[in-house]
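Should a chain be cited, it is by its letter among A, B, C and D, assigned in written order, with residues numbered from 1 in that chain.
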Amino acid sequence: MAVKININPFIAYALKRFGIMMLTFSVALFLIFILPRMIPGNPLASTIFRLTQGGITSPEQLKATERMLLETFKLYEPLHIQFVDFISKLIHGDLGTSILFYPLSVADLIALYLPWTLLLMIPAVSLSWFIGNYIGVVAAMNRNKFVDKVVLTIFMILQGVPPYVLGMYLILLLAVYMPIFPTGGGWPPGMVPRLSVEFVLAYLKHYILPFLSIFISSLGGWGLSMRSIAVQELASDYMEYTIRGVGLSQKKVVNYLFKCSALPQIVGLAIVLGWSVAGSVLTEIVFGYPGIGMIFWRAINAQDYPLIQGIFIIIIATLLLANYISELLFAYIDPRARYAYVGVQ
Amino acid sequence: MISSISSTIIRLFRIKKFAIGLLILLVVLFIGIVGPAIYEVSPTRTIGRRYVPPGEKYPLGTDALGRDVLAQFLHGIRGSLYVGAIASAISLSLAIFLGTIAAVFGGLVDKIVMTLSEILLLIPSILLMMLLAAYLPERSLWIVAVVIGITSWAGWCRGFRSRTLSILSSEFINLAILSGASRLNIIIRDIVPIIAPYVLAAFAMLFSYSIMAEVGLTLVGVGMTKDVTLGLMLYVAQIYANISQGIWWTIVPPSITVTLIFLSLYMIATSIDELFSYR
Amino acid sequence: MSKVILEVKNLTKVYRIGLIRQKEIVAVNNINFNVKEGEIISLVGESGSGKTTTARIILRLLRPTSGNVLFNGKDIWRDIRNRKELKWYWRNVNGVFQDPYSSFNPTHTIRFVMLRKFNLFDEEMDYDTKISMIKEALKEVGLIPEEILDKRSFELSGGMRQRVLIAQIFLIRPKLVIADEPTSMIDATLRLSLLDLFLKLRDEFKTSQIFITHDLGLATYTSDRILVMYKGKIVEEGTPEEILNKPSHPYTKKLLESVPKLYSKWFT
Amino acid sequence: MNSLAIGEIMSILDVRNFRAYYFTKAGTVKAVDGVNLSIDKKTIIGIVGESGCGKSTLAKALSFNVEPPLKIVKGDIVIDGIKINDMTTDEIRRKILGIKVALIPQSAMNALVPTVKIRSFIKDVLKEKTGYTTLEIFELAVKRFKELNLPIEALDMYPFELSGGMRQRVLIAIATLLNPSLLIADEPTSALDVSTQKMVLETLYDIYRRGLVKSIIFISHDIATVRQIVDEIVVMYAGKFVEKGSTEEMINEPLHPYSKGLIFSILTPELIVRERVRKAKEVLLKGEPPSLINPPSGCRFHPRCPYAMDICRREEPPMIEVERNRFVSCWLYVKR
């Protein structure tokens, strides 16, 4: 029998999950590295061909692009050297230079556009989490009654409408037929982002529709999952006893119910917030909202490989981190889960 | 056996949700299968001016390239159903196969499958699809479907594993062993009949998920480049900024259909699940 | 003295749980006992005493960590390897379990469950012979075959399900039956008639039995010998009279004290 | 209340001709069909019967846990002179539960909310029921825990940090903090090992002995357990009471054929029990309890009764007092 080291079980768990996260990140990085290199033919040639077809015609620019691509991908080196180079650059935060937005570096581009995405996603997702979960608990308390049925139907339909489709309808309705809001963009053309009342107001006007489309369409998912968790909790022996055996007031019961059922949902929130970068891509495209999703789309259409690669890495990194934090958070706040690590029967 | 199957089906139909879901699905299926055969206009050829509103000549108008929207719509449904069927068949088989062998064999096999699925779950499949698709120069319906299929099995694989494990831990498996039943016999006679409804529900969910995923991929620009699907219609409408011009007829039919497919399958899946989990 | 048919020698089962920090749980700790032909013994213990693990090992559903189980002199793990030998073993040693609910696959009819037991038979039989044997067995346990053959387990009451399980034993007539809490979920008035079926098995076919139970009262009623298990070990062994009148191990004493009795009272 | 004469002790519980049915698709399940129960002194009563005899439904009804499909069809529940039937759910919640009547449920092991510490659960419950300050509540809880030999540290734990038996004892302590008149314990120990069961019963008895509750109704299928603690035993069969009497009388000399069959089929580790069971084979019951949707005519026990007579099939036997405080509902004891 090996020497037994007594580690705090929570730390052991945190380390184990960290290991899984790093493993996953490595797999993702490897995929990001290997995929462009597995494509038959020379991706550089095809990119450069497309570039000559597109607008960039000046020979210097073409040469610079070619050099940059070679610099980023180092395709002339053997695969393992390429990989070492890829990783070492990554560690130094060097994600290469964009082709489309030459001469801006990928890291700078992300730093420029990411805040707009976060500004859109974090409030929309958080608000829909609170409201959706609240409605879910209310529906569960009134299960099989009229309120519940109405809520269920609406939420079910909402869940079937992807945010970008909802966005399209919102534009058709509130920007085209009833021109209350602009059809797209982040601010009026010609305006420069700065901290002035005029700009903030104009920005908000552009902000409302994309915000609504994400807010409304994610309500359904939260509401439905919360309702089903809460209904299960209500059927549990302890909720049964709290309500009927002890006779606690409705207010307290809702409070307890939320406490018991919201914990798994908190993990969900953290994950979705981590997702926000990936999840906003489609909505940003539909609204022409100037966030990371928008430049991602443009990068794909322009086959701007360094930028695509950089955005992928950022998205996956935020996601994994969010997931990791949420797991630890869950383990920490849920006394049941916390207890499970101690492993006492 | 037969009588019990039919009584189960009757019970299923008593659930309104199931009946409505199935009805919607059948209508969409019918349109997708029969539609293109009846309405013989090419979805890819320019046949008139661009943006002709719906009218007598073109029932659903024309799009940015002067193509018939109804023809596109009918072929689009068919294409999307294809993607859904292929992708869900692939991911479902992977999920069932890996999930059950992980449960039955346990040990190292289980650990490998579980770690693999955990990694896949952590890297969101839609991102993986984008990554795969972004680097593929030519993308047909088949390629997109395969990409969706091989990236979306992880969650269901875990579901099948835990269901199989709970069946395996039941006393009746021990009694079957004590009756001298072989491993194969136990899988066929004990495990399969119990997970069958779950398979159906999983298929329904994966099917609609795949259709939605294809739309998303195409809309980002890493989806279909050749065949017509609902996603491609939305993509074209998006690039040509149809929405802000108020050209609704290229957007409303495909988007509503995507939602309807999802809704119908969701209703079917949840009612199957409800019916069988109450026993 | 009748002959010993089952011998358990130095049987130990250790479970290892956890991946990185492994914890060892000794479920069964070096136990020894034997069962004679036509004898009924009881393994009595509270939850976690290792009695169910022991039952699973004897039924060859679980591999022991060390030690041997010998049936008619054959080591059931070393000497039984191919399917044919396995079938022979299960034909001779079979079991009835506690939970009449999870003991049946909800998709199976009683007919299927009963027919399945014919896997264990060497001789070829046609369907009609099998069915008539099944009917015979069901009648022996007080069931009406025509009424239940095509029903599924959830259409039967708990008592009837347990009778079906016992009917399977009547069908194959093994030499040894391991009954793991066969009546713990059955009401008192039905329990005795079920227990009498086990006694009938012994009287008619000289079937030896091992009762796994937490219920000392049940054990004293049915068994010739009682083995008290505590934390994986057999701490005491004796006839019911010996166990009840002069228990020697402190655990047995404590157990006897905490079992509520009908003709004496704790609080006054 | 209506007939409360001076000097007469107000009864703790009074239930007359009480009926509670489940209205299901398959039919009306007459789970409790005309029972009378009154408690007018300090006492512990055991209600015993087998699964499906209606004892849990009775427990539900007595603790006002009546939800569709279960409905009270007939009969009043009067507790401490208060007629409960007329009260709204909210009034019952505020004025009765925990104050007049407390409940220890069948699932006592899992009856405490896992995400709430014992201390804050107690606070939440008592804050609503009384005007006490948080400090007063904690003082009361600590005092009670000490009285019942429960560890004070348990107050700062989550329920799952306690062992099963401890959880049940803590639950008993919490349920009776406000000294209710009546405690209803519905199979409180059936999921426990025997040694833990004994400790839980000790706590229950302690509460009674110290006068923290006036009366206890102990509902269980396990007569050997019930008889350890109760003064009187009521036997229930197919929705009705069939016999009632003091514990010793009931155990030693059951009158009703069902009670006989029930008590003589109990196996406890006593040699006399084994001998008795082996001898008393003729009173052993055959068949299974009837469906309560279509109960047998006349005496509901007649299909299983070894002494069934003609009249048993036709007419329902009345509940008669054969001796003082000894009641039985069987035609064998009706003098004609």
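The working rule: contacts are C-beta pairs under 8 Å (C-beta built on N, C-alpha and C of every residue); 3 or more make two chains touch, one makes a residue touch a chain.
Model, not experiment: these values are computed from the prediction.
Enquirer: For the interfaces C-D and B-C, which has the higher count of C-beta pairs in contact?
Expert: C-D
Enquirer: Work out per-chain C-alpha centres and flag the one nearest the whole-protein C-alpha centre.
Expert: Of all chains shown, the one whose C-alpha centre lies nearest the global C-alpha mean is B.
Enquirer: Could you give the separation in Å between the centres of subunit C and subunit D, each centre being the mean of its C-alpha atoms?
Expert: About 34 Å, centre to centre.
Enquirer: Any idea how many Å lie between the Cα centroids of subunit B and subunit C?
Expert: Distance between chain centres, rounded to whole Å: 48 Å.
Enquirer: Could you state the distance in Å from the CA-based centre of subunit A to that of subunit C?
Expert: Computed value for the inter-centroid distance: 55 Å.
Enquirer: Quick check: how many Å separate the C-alpha centres of subunit B and subunit D?
Expert: 54
Enquirer: Okay, in this complex, where on subunit D does subunit A touch?
Expert: Touching subunit A: residues 63-65, 92-94, 96-98, 103, 105, 107, 109-116, 124-125, 128, 158-161, 175 of subunit D.
Enquirer: Quick check on the complex: what are the subunit D residues that touch subunit C?
Expert: Checking each residue of subunit D against subunit C gives 50-51, 193-195, 197-198, 201-202, 205, 221-225, 227-229, 251, 261-263, 265-274, 277, 284-286, 288-289.
Enquirer: Would you mind writing out the residues of subunit C in touch with subunit D in their complex?
Expert: Residues 46-47, 157, 159-160, 187-193, 214-221, 240-241, 243-245, 254-267 of subunit C touch subunit D in their complex.
Enquirer: Please name which positions on subunit A make contact with subunit D in the complex.
Expert: So the residues of subunit A touching subunit D come out as 236-242, 244-249, 252, 256, 259-260, 263, 334-336, 339.
Enquirer: Where on subunit A is subunit B touching in the complex?
Expert: Listed in rising order, the residues of subunit A that touch subunit B are 20-21, 23-24, 27-28, 31-32, 35-36, 38-39, 41, 43, 46, 156-157, 159-162, 164-165, 168-169, 171-172, 175-177, 183-184, 275, 278, 281-282, 285-286, 296-297, 300-301, 308, 312, 315-316, 319-320, 323.
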